[in-house]
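What follows is a pair of complexes built around subunit A, which joins subunit B in one and subunit C in the other.
And then the complex of A and B:
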């Protein structure tokens, strides 16, 4: 397996964002779907578990940056890395807690356990009125103060785009490392037959948790880059928006679950399909998304790249992981 | 004791929560499928009640019967279109397809009926009970729920088909060996499960005067799963009893949180529901009751 093509695409997009800043918002929108699918894929694709509370990881990332900017003034430019680190750490910690409890359970029970995570955290933030409560955190003035106006504007456009692409590229590397190492074989064995894998001395929960926390951390980075840095605001209704998990799974299934190139192909098609629907039939994007996921899952369960790989000679397959 | 009215009203709404959960638990018990589109069927039931009442003047009990029939039809459709073709493809595909179906229904409802909150009031008087002014419509909803739960349990124990369902729950392969048409049991269980859920949606509207909207289902998916897990997934009476318990928990929780001075006590009660779900799955994944 050679991850150079997907990595090359992310690098090329990053170069494009710097060379043509006026297109950076467009690139960010496409890249958000790619990177989300890529991150979701590391968990859902590799373990075949589905987490309906996944959006909470995006939210944790966004709140990490939001909280540091709002409650720790005076850090200057350091607020950005500190905030992102906090966001990623909160996402990873949430994944550790939920995973340690629920990943021991079989698929359906895990899915049920995660149904409440997203809504539950949203209700906690709104109900206990923490981190701005239902009104959210508005970061633009804090970003202007800490970074200076020019830098803040640059960060919210080109900077945010570059961070999103970085998250996507990092997900490619993580997927490559997991799949080509011991964990990849262990996860493949667990996917095929968990009991048999256990008998062979594999600890399924350990590897599932590894994939879960990796995936969650990357989504935390993505949430921080897209919502907090890119939009300069964190609203509970936005960052806990349940449809993002459907977006992530649509991108993943469209491209091909457990493939590395899949989310790039899926993200591209998905973004432009939604954009087209939005122009032809405004307000129907979510309807079409749900329909699309439904059709892919029923009719093309391997996805585009997954199906393509079946028909490629082994040499070429190496290059299209 | 100021808490008694909260306790009583918790029992009343808890009965309807139990009703909403019966179908979810039945489908999980028989097919081992977690119906994550559950809340959307509750929402459809709520709209049946609303349009039945405002367009034709149909009282909610009549709407309940209509919703039961409509829901059963939808359930059969879901079985043939989603569950049956994906049984072999595996759990992940079914779960994702059902989740997408749930959002699809919600979005279709928004496009057809608009995003506004709607509601209606059906007044048939009230009685005073232990410091609580109880509207008779709510009492009727709670009693319907109780009757449905008991009826379903009797049906599963006393009829041939009911015994066939229980046989499939215990051992699908064994049931097939002794000549039970497992696929028919799957079909009828899905139809009944979704039918009861839609009817539950009708009864729920008696408690939420202005809460009918296309996206209302999400929270009831969560509540129903908490209750189903509390009662032991697949257990009918367990689901009903857990519904009562959850209603009391939510209502008394609301009272306690407002005493503690939280600005949004209802939101906090919902957060606790989710914590409860994780705790039960951690310590007692088979449910709290032995029924």
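And then the complex of A and C:
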């Protein structure tokens, strides 16, 4: 498996965002779906578990940056890496806790057990009025103060786009490392037959937890980049918006679950399909994209890249992971 | 004693399946656990492995209590299971399935040696090593299932219904191979094909409704009226 094509695409998009800043918001919107699909794929694609509380990881990332900017003034530019690190750590810690408890459950039971995590955390923040409560955290003035106006505006446009693409590229690398090592074989075995995997000496919970925490950390980075840095605000209604996990899975299935290049293709199609529907029939995006995913899953269960790979000679397949 | 099961009870949810099973598997022997459908044979093996949680009783491996040890650690300690219905990884090739069998650290260090050993035991698998496991015949898949378990270098091999769905000639070849395994390890064989199993066993147990109802040397069981009537059709 050679990860150079998907990595190259992320790097090329990053170069494009720097070269043409006026397009960076558009690139960010497309890249958000790509990177989300890429991160979701590491968990859902590799384990076939579905986590309906997944969006909480995006939120943890966004709140990491938000909390550092709001409550730790005077860090200057260091607030950005510190905030991102806090967000990623909170996402990973949440995944560790949820995973250690719920990943022992089989597929559907796991999905049910996790459904409350996202809503529960949202209501905790709003109800207990922590981290800005229902009003959220407005970060623009803190960003202007810490980074300076010009830098803050650059960070919220080109900077955020580059960070989103970086999250996508990092997810490609993570997927590559997992798939080419023992963990990849262990997860493939668990996916095909969990009890048989156990009696091969594989500890399923350990490898599912590895995929879960990796995926969650990358989504934390994505949430920090897109909401906090990009929109300069963290609203609970936005960052806990449950549809993002459906978007992420749609992107993954369109491109091909457990493929590395799939989420790039899926993200591109998904973004433009939604955009087109939004222009022709505003408000019907969710309806039409659901139909699109339904058709793909029925007609092309392996997704676009997954199906393409079947028809490629082995040498070419290496290049389209 | 390679494996000793003492007074083992277990089940699913609130449904009790095993009621105090006790059996012994001495070093370098083939021991059979025989009985009809639904008697609890497979449940016994999955409980010994720890995939089904024991309710009561003990499992001793080489004299050490492993009752509460999780399945993946039992494999490291030298217990392996060939599940009923093979349970291969169908999307993986024959060789990938075998390599999965050598997942534990202890097995991985000796992987090349073990691979040669199982290919010598089942030359057919060597010929087919690049083939997807799901595309092979039933007999070949059963060979692969046994070979995959051997890759973990077990001291005790649990084999669940290897004869299911196979032609008589294939079964007798397979059982001769199982018999040869006792030079290296102990085998606990679960079977419905009582005649074939008794032929290669050193000792056998008969389980019905979750309880051991009979035990003895193969020739004793073959002469038993109940065994003759219920299992041997004579």
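Please note the rule applied: the second predicted complex is superposed on the first by the 321 of 321 C-alpha atoms of A that agree within 3 Å, B and C clash if a C-alpha of one lies under 4 Å from a C-alpha of the other, contacts with A are read in each partner's own complex, and residues count from 1 in each chain.
Methods note: a residue touches a chain if its C-beta (ideal position, glycine included) is under 8 Å from a C-beta of that chain, and two chains touch if they have at least 3 such contacts.
Note that this is a predicted model, so its numbers are computed, not measured.
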Subunit B and subunit C placed together on subunit A: clash or fit? fit
Regarding the shared-chain residue A:185, is it in contact with subunit B (first), subunit C (second), both, or neither?
second
| said: Contacts for A:301 in the overlay, against subunit B (first) and subunit C (second): which applies, first, second, both or neither? | reply: first
- prompt: Looking at the overlay, what does A:126 touch: subunit B (first), subunit C (second), both, or neither?
  reply: first
Q. So, A:59: does it touch subunit B (first), subunit C (second), both, or neither?
A. neither
First, second, both or neither for A:193, with subunit B first and subunit C second: second
Quick one: classify A:286 as touching subunit B (first), subunit C (second), both or neither. first
Larger residue footprint on subunit A, choosing between subunit B and subunit C, goes to B
Next item on the list: Return first, second, both or neither, reflecting whether A:228 touches subunit B, subunit C, both chains, or no partner chain.
Entry: neither
Check your understanding: Is A:203 touching the first partner subunit B, the second partner subunit C, both, or neither of them?
Key -> second
Vertex subunit A, Cα centroids of subunit B and subunit C as endpoints: angle rounded to a multiple of 10 degrees is 70
Least Cα-Cα separation in the three-chain superposition, subunit B to subunit C, whole Å, stands at 8
Subunit A contacts subunit B in the complex at 44, 48-50, 52, 98, 101-102, 105, 107-109, 111-113, 115-117, 119-121, 123-124, 126-129, 133-134, 242-243, 246, 249, 253, 283-284, 286-287, 289-291, 293-294, 297-298, 301
Subunit A contacts subunit C in the complex at 182, 185-186, 188-189, 192-193, 195-203
Listed in rising order, subunit C residues that touch subunit A in their complex are 46, 49, 51, 70-72, 75-76, 80-81, 83, 87-92, 96, 99-101, 103-104, 107, 148-149, 152
Subunit A partner, complex, touching residues on subunit B are 28, 32-34, 36, 82, 85-86, 89-93, 95-97, 99-101, 103-104, 107-108, 111, 218-219, 221-222, 225-226, 228-229, 233, 262-268, 270-271, 273-275, 277-278, 281-282, 285
